[in-house]
Amino acid sequence: MNKKVSQNIAFFIFKFFGVLVIGILFSIIGFIGYNGIQVISWEFLTEFPKEGMTSGGIFPAIVGTFYLVVGSLIFAFPLGVMSAIYTTEYAGKGWIVRIIRIMTNNLASIPSIVFGLFGMALFVNKLNFGDSILAGSLTLGLLVLPLIIRTSEEALLAVPQSYREGSLALGATKLQTIRRIVLPAAFGNIITGLILSIGRVSGETAPILFTVAAYFLPKLPSGIFDQAMALPYHLYVLATSGTDLEASRPMAYGTALVLILIVLIMNLIASFFRKKL
Amino acid sequence: MIEAKNIDFYYGNFQALKNISMKIEPKTVTAFIGPSGCGKSTFLRIFNRMNDLIKDTQMEGECLINGQNIYDKSINIDNLRKDVGMVFQKPNPFPKSIFENVAYGLRVNNMGDKKFIEQRVEESLKDAALWDEVKDKLNKSAYELSGGQQQRLCIARALAVKPSIILMDEPASALDPISTSKIEELIHNLKNQYTIVIVTHNMQQAARVSDNTGFFMLGELIEYSNTKKMFLNPEKETTQNYITGRFG
Amino acid sequence: MHKQKIHRRILDKITEKLLTLSGALTSIIIVFISVFLFTEGIGLFNTPDIEEGYALYVNSENRIDNLSPEETKQIFDAEVTSWKAFGGEDVAINVFRLDAIFNFYSENELGENYELLPEKLGEVISREKGIIAFLPNEYAPQGLQVRKLETATVTLEDYFLGTDWIPTATPAPLFGVLPLVLGTLLVSFGAMIIALPLGLGVAIYLSELAGNRERKLMKPLVELLAGIPSVVYGFFGLVIVAPLVQKAFNLPVGETALTGSIILAIMALPTIISVAEDAMRNTPLGMREASLALGATKWQTIYKVVIPYAKSGISAAIVLGIGRAIGETMAVLMVTGNAAVMPTSFFESVRTIPATIAAELGEAPAGGAHYQALFLLGAILFVFTLIISVSAELISKKRHS
């Protein structure tokens, strides 16, 4: 087999793989989209589930997810950005930074169920928060912390060193330089990280299984020590438990579609912010 | 007045400056020349302690500005840098408006109120020969200016905080000839008010703008004297060889 | 003015201390998590290997004085019927549970609040040589001929090498993690068989073959694939892939290890694709041009120059993909069926470690043996993924140094 033929075969296979993967993506979105769109309506988004979750809506799950997103980011965003500022602006290049980077990467690869275990042991049990939005938010905050740190670090590193030098040469202190020059310049990319985190937190199930998620609540949560419903857990429940799986199936499709749409929209918004630089 | 006494400087194990001593009189223009890597930029950065930003460096010797050792532990570095301004090789305006760029130094050093700042900005831009070109667009982004204009903006920015010394690290090497000559003209006008030290790899430029010149090579100060004298009648043979282009 | 400066300086110092502290944050968290998982779980090896609040009693003439959880299971499942099997006499094993007392005595005879129960239990046991009684501590039988079997604690061997994971068995729950470990490895291995060639192929396509327009189109799509939540993948697997697998291979159910591998492969793809593609694109243009200038075809350049150069990045991609697959919870939980048994083929249901934790933690009483066993599983998982993460780090550092 001469060189040209084997190249053509190889390239054809790779291109085919590319198409295949895109095809998989579209079939997932397509199936769920097609089946889900039939269910989505104003009622679906604003009503409580009814009749054993075979009709009605997913409103409490949407609200619950919203609370968890806000809660987790209140913890993770400031801490994550501060941590990134420390490693990029203060820590220099020695072994300290290497260890911090390794630890952050380790935290990033921990499976979400381990976060769930830890969250349950520490927040729900030891600190006695019980199954609560507080416990769930803290657990999810831990999960998403490395993502925020990583994107913030990249954002800060992308700011040209010449800006910092120019500022310091005028007599500004390091903190003034960070506050007035570096952070504003890195802002767009830092926000990108925040937005991607929203998508991430919205979709995570394992961390909330034992820290906040409830199968069904007749009322919306009223405080941070209350349990809450959440979209990903709701999908899980609709698909695997519940009184009548067949009848709940349309609701499940609708919930899955809502989840996919959240991720899609967040990715789009994030890319918009990223381009602005 | 700037006085350097027996300055040695190390990047890790590499000695970049070897026993440099020199005196720079106030309100003069001094040029540092020499081949690439000879240490002239490093030496320039001694004067405003910008080398402190680099890890694993060591400085020995004394550097006195107006009689005070600027490497003394009690010195406030931010005040030092306010008093010793710097213009960099590649223009580096901040991602802000033209006005805010010049006002930046005033703001971070808490110098004056709104009116004072507006006044200072206008003065500095005039001193930097940029005012007429930008007075109608002070709120536009600094990046809308050309390269030469940006560099003059950086000069105005440095002037705004009223330093007594201005350090220029190859300020025109990234610019076209016309912008370069504008900068040189600027230096000529500024020297009545400021002490200027300029690093340049362009000998003709050094000859044009400076009163005194220091010739560096491999970390040593080979010769330091009146510019006219150095170029017409250098004392050291190495200097002679460099100036006539035999190397470097 | 001077006061302002001092205030400013104090504020600056505080801010800098805060920033330094937050830098240490991730390290502190990792330490915390490890400590917690281990302390919550390690107690398992000090826990009696029998259901809490219960004990086993035999006739004092019986030579046996302790039984392993395996042996207890065999007895109570009637797999073994004679004491000879455990080194005792050849006497038939007589399994006795609490409610069997009513075969011997009426309610009246046991007293109004069952205060005579311990005495009566003692009598029954003393009469039967081959009896083994599983009784709650509150009704511990009394009598000279009654002997309580010593409860051992769950041993390391029981846990790490046991082949049965039956945490709710009575009288002795079984905590052998081998089925779960093997289930995890099976499903992940299967996922890698699918995802590695596919992922590397797409990475090569994106890095070397695709035009700028195609790349701009595909990269966000791959990112989208990465962002789809695990539970949505599980749902997709449940309603589409599992029925397909069932039909295609004529199986009783579609929830199998194979289905799990397929879904996991899709989930691991974006990681493999982006890391490998990044590594390959960083091959210097000069190297590629040198190869082409020597007459090599593009494809030859790719497998002779680019891939070897990007070797460490590609290895990192593989390792990270494996890590992703091993740690995945919800999708696997929903599609691999729920059989915590030693896996025998791809076409049967299995259970992985993360799925087990997710499925059972809700029902394990806090602090009990089951709870501890699950935490230990979490610790095992944590250690696995830590090793993987550090390996990936070291592999990619090798090139850059």
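Letters A, B and C mark the chains in the order given here, with residues in each chain numbered from 1 onward.
Basically, contacts are C-beta pairs under 8 Å (C-beta built on N, C-alpha and C of every residue); 3 or more make two chains touch, one makes a residue touch a chain.
Quantities reported herein were computed from a predicted structural model and do not represent experimental measurements.
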item: Two chains sharing the most C-beta contacts; value: A-C
item: Chain whose Cα centroid lies nearest the overall Cα centroid; value: A
item: Separation of chain B from chain C, taking each centre as the mean of its C-alpha atoms, in whole Å; value: 64
item: Where chain A and chain C are represented by their mean Cα positions, the distance between them in whole Å; value: 23
item: Approximate Å spacing (C-alpha centroids) for the pair chain A, chain B; value: 48
item: Residues of chain A touching at least two other chains; value: 173
item: Set of chain C residues in contact with two or more other chains; value: none
item: List of chain C residues in touch with chain A within their complex; value: 12, 15-16, 18-20, 22-27, 29-30, 32-33, 36-37, 40, 197-198, 201-202, 204-206, 209-210, 218, 220-225, 227-236, 238-240, 266, 269, 273, 297-300, 320, 323-324, 326-330, 334, 354, 357-358, 361-362, 366, 374-375, 378, 381-382, 385-386, 388-390, 392-393
item: Touch list for chain A against partner chain C, complex; value: 3-4, 6-7, 10-11, 13-15, 17-18, 20-22, 24-25, 28, 31-32, 79, 82-83, 85-87, 89-91, 99-100, 102-114, 116-118, 120-122, 125, 142, 145-146, 149, 173, 175, 196, 199-200, 202-206, 209-210, 232-233, 235-236, 239-240, 249, 252, 256, 259-260, 263-264, 266-267, 271
item: Residue ranges of chain A touching chain B (in the complex, touch as defined); value: 92-94, 160, 162-163, 165-173, 176, 180-181, 184-185
item: Residue ranges of chain B in contact with chain A within the complex; value: 48, 50, 53, 55, 78-83, 85-86, 88, 90, 92-95, 104-105, 107-109, 154, 157-158, 161
